[in-house]
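Next come two complexes built around subunit A: one with subunit B, the other with subunit C.
And now, the complex of A and B:
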């Protein structure tokens, strides 16, 4: 049985706040292949192209036939638990702060024996299911839970260190005035978020979505204009020490490119909202979140950016919008590095076109807000780092990996 | 080919300390000085060196030659930690037999600063860095906890069985002056000790410390001319990454080589008067007792229940107390038993002596590279003229 997650307590200012420490992050170049798989939620290991042997730990030459072509392939995540231990002593501060800590050795059906972080309800001899997760240092680790997990298994405190589950955490949704803002509020409410702060700009402008969001359990509205540094700072002064998951849902899309539509106002607004907006949020909310990265079982854990897949390759139909998304994506990589010491994960969600008024002329498939919000909450629960949402975004990622020139010439999605 | 004409002599221990401000170079250098002093020879007569150490970095045996002002014509550095003792012995013996070196000094030594052990386990091997250390950073405690947990459930070993071995070794250590553990161990001390990594508790785990072990290998003629008591070698083995297909370690490389080992010696396990086994955690002693033919696989718990492992008992085991009672001076742990065996077989015991000991078996084990120990070695030594 998994011990139930202790309910979050009101912060006692006299008590020491646990300082963020990270698990050991020293990895070989080969092991970063695991990180790439964990970031997108694949369970893949190096598999010898010549003899088929599955390799673990990662290496450069096949441990069976000595060939050097070891592509990452999805493998069966099942296995049986051969041995287990509970550490009562650790030389590393991260684990020392979290003892006792459970570990196991699993014989994978795919072949190798692996050392894993072990869920509380696993016992020797049991069939287990492995997954690759990013730990707080941002590096991939293996974890195991029972093949048939018990109730409330996601409450497991050790596994919670490997995910960014919204349950019992406080979320700030930037830009609650869109349908996606509403869907996110509903999604986080359903996922058990403790409080949902919803920011909204331009208070004179009516928004049915915002009105609906007010009625969602746990939601409080706050004025927040990401183009106004004072507004962002004022909200950070009120909420900075409470936000455990930041969801940057800034969105300002206007069709048009550079040659066909020179409009500096639109282009500047896009940059102000997507790029400078993220910069303002990062500089004001980032420090407090980073400092609270180990603040109990409900500490700050994730920063989500809702980006367009056009951040990765420019769609000239939305040319300046794509450019502002690319700028913001680049800044998000900087943010990821800067938040890493606090163990805060930067989750970049890359969406395909939404089914909204600004994508009227775009053919389907288009994404509903519920689908996007659902995928974002799911990515947080599973501890992903990069998420392609929808068939269009997935195709863009695949084509970019295969041949970036092809998609640059042929993007019609 | 046997080890005819080879002598192993001059057992040296540089006394252990829990922590030391000295460097590994100091421990190796003082060990060489003690070897020379006890052998009564000048430095330049030692023309072969075999070094084993974790904490010499960034140096190796090469840098040590300049530190110590020696010009050997045969130099070896054995990175096998706990398995280095018998491996050094067999390589040095061949060097002496072939004439590549006349006198080889085998030295294993390490220092232990307050942060040495943490640093050693934090960058032990690529596989450990990538696939073990990020998991709780428990070091060898965690690895042996897995092996112990599995062994106990597989073969029905109980904590009381491990306790019996640890307590017997502690009894042996009470008479050994270099042992860092000075108090007898009682059953309830063992059973009630604080947990370290289930099922391991405090007295299942070696204590890292600083120290060195050393001995000389030369021809028997040379040993006689120097008037040095010596032992002879009947057989040796080494094996690395044995049984890679075992899902989890239940045996070491000894099991692969045990038949040839005794064939070469011309005697069997029943002829051993004592056993010095590698003992950073008791479960590995159980595996050695099985893999070296004293009982079948999985029968060590019963074997230990039926035998007395103290020096005066019917199965003298780790007669100086082993690492569990003396301390684990890094790579020197791989030579602790070997040096003790030379003492037992040349009547130079510092502690309790096994009566009428003629043959001693030493067994070494080392290097948890990922999920299991990779290096194993062993040797059978005989009293000269015995």
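And now, the complex of A and C:
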């Protein structure tokens, strides 16, 4: 049985907030193959192209036949728990803060035996399901939970260290005036978020989405304009110590490129909202979130950026928009590194075209807001770091991995 | 040298001319200086255009330094905004009807035009009752019957107390069919120009035209006719309730922007006190 996690209490103002510590961090270049798989939620291991042996831990040559062609392939995540143990002492500060800690050895159906972090309701001899997760250092580790998990398994404290579950956490949604902002508020409410703060700019412009968001359980509205440094600073002063999950869904799309539509005002606004907006949020909310990475079982844990997949390859029909997304994506990589010492995960979601007014001239498939929001909440619950949402985004990632020149030449709406 | 009462020339001779009298009034009483300007701040609303059109920048400021590592001696900011932000001056080149007129931009308008007499028509009761209130010729004629004729080259200022709506939602008052704010009727403006030779029109709302003016027969008639006749606009004024119906003098210089269509301006009124 998993011990149910009590809901967070109001913080005792005379207690010190514990400083974040991180699990051991160094990994080899090969081992970062696991990081890549964990980031997107695949359970894949090196598999020898010559003899078929599944490798673990990652290595340069096959442990069986010494061949050096070891492509990453999805493998069966099942196994049986051979042995379990409970650590009551650790010299490492991260585990010392979290004792006792359960570890086990699992014989994988795919072959190797692996040391794993163990959910509370796993018992010796049990069939377990393995997953690759990112730990608070951003490195891949393997964890096991029962093939058929018991009730409230998501409350497992060890697993919560590997995920960024919104349950009982406080979320800030930056832009409540889009359909996606509304869908995110609904999604986080359904996922059990403790409070949902929803930002909105330019209050004199009406927004049906914002009106609807007001009615969502747990939602409170706050003025927030990411183009206004004062506005961002003021809200950070109010909410900085409360936000446990930041969702930057800033969005400003105008069609057009550089040669066919030189308009510095549009292009600057895209940069102001997507790039400088993220910069302002990062510089104001980032420090408080990073400091609260170990603030109990419901501490700060994740920063979500909703990007377009065109951040990764420019679509000239949305040329300057794509460029501003690329700038923001680059900054998000900086943010990821800067928030890592607090154990805060930066989750970048890359969407295909949304089914909204500004994508009117884009042929389907287009994404509904509900689908995007659902995938983002799911990614947080599972502890993902990079999320491709929708067929267009998935295809862009795949084609970029295969041949970036091909998609650069061929991309169209 | 000054003696605390008026100006003296370098030679020590009292300058007893008109400017000396003016300064005496300002320093010694008799002339009150009223600030008709809203504070420029980031959350102040700017005029809203359809989203596929170009948009004006709102007022923004980024701190350069504040006696800190970025500049230990000084506090200062970088600013950005559109020309038509906050309390501002509309130049004739702002509108298509005024695009080819001589001396039509902030850098070419003769500077004496930035000092002018003001007539203030109090429409505050009507605007409180009807946000779409339009000021008409007959109402201005009634005002003249009470306060005297509008002298040539005067500002016609429409007092609505609209600037006292400090919540931007109330100030902009936008619904699905556009903004609902008071302004001049479309037939008033040609009359003010042809029959009264005003220098321009000023008001308290975000623009000199009424909120619904895009739906008029001539869209935005105040802009169209005033600027088409080389006259000016002064939107987003405040403190008009502190001005007398006749007799105030406005000082309205915009920034000297090359081919500027307008600029935020510190608008001052000189008011004689009894």
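Everything below uses one rule, namely that the second predicted complex is superposed on the first by the 412 of 413 C-alpha atoms of A that agree within 3 Å, B and C clash if a C-alpha of one lies under 4 Å from a C-alpha of the other, contacts with A are read in each partner's own complex, and residues count from 1 in each chain.
Criterion: a contact is a pair of C-beta atoms (placed from the backbone, for glycine too) under 8 Å apart; a residue touches a chain by one contact, two chains touch by 3 or more.
Computed from a prediction, not measured in an experiment: that's the story for all the values here.
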| item | value |
| --- | --- |
| Side-by-side fit of subunit B and subunit C on subunit A, or clash | fit |
| Partner chain in contact with A:336 - subunit B first, subunit C second, else both or neither | neither |
| First, second, both or neither for A:205, with subunit B first and subunit C second | second |
| Touching partner for A:28 - first (subunit B), second (subunit C), both, neither | first |
| Touched partner set for A:274, first subunit B, second subunit C, both or neither | neither |
| Touched partner set for A:292, first subunit B, second subunit C, both or neither | neither |
| Which superposed partner A:359 touches (first subunit B, second subunit C, both, neither) | neither |
| Which superposed partner A:223 touches (first subunit B, second subunit C, both, neither) | second |
| More subunit A residues in contact [subunit B versus subunit C] | B |
| Centroid geometry (CA): angle subunit B/subunit A/subunit C, rounded to a multiple of 10 degrees | 140 |
| Touching partner for A:265 - first (subunit B), second (subunit C), both, neither | second |
| Nearest Cα pair across subunit B and subunit C, whole Å | 40 |
| Subunit C-contacting residues of subunit A that also contact subunit B | none |
| Touching residues on subunit C, where the partner in the complex is subunit A | 42-43, 45, 48, 54-55, 57-58, 60-63, 168-169, 171-172, 174-176 |
| Touching residues (chain side subunit B, partner subunit A) in the complex | 117-118, 121-123, 126-127, 129-139, 141-142, 145-147, 149-150, 153, 194-200, 244, 247-248, 370-371 |
| Interface residues, subunit A side, partner subunit B - complex | 23-28, 30-31, 56-58, 63, 82-92, 94-95, 101, 103-105, 107, 113-117, 124-125, 135, 137, 139, 141 |
| Subunit A residues touching subunit C - in the complex, by the definition given at the top | 202-206, 223, 225, 227-231, 263, 265-266, 269 |
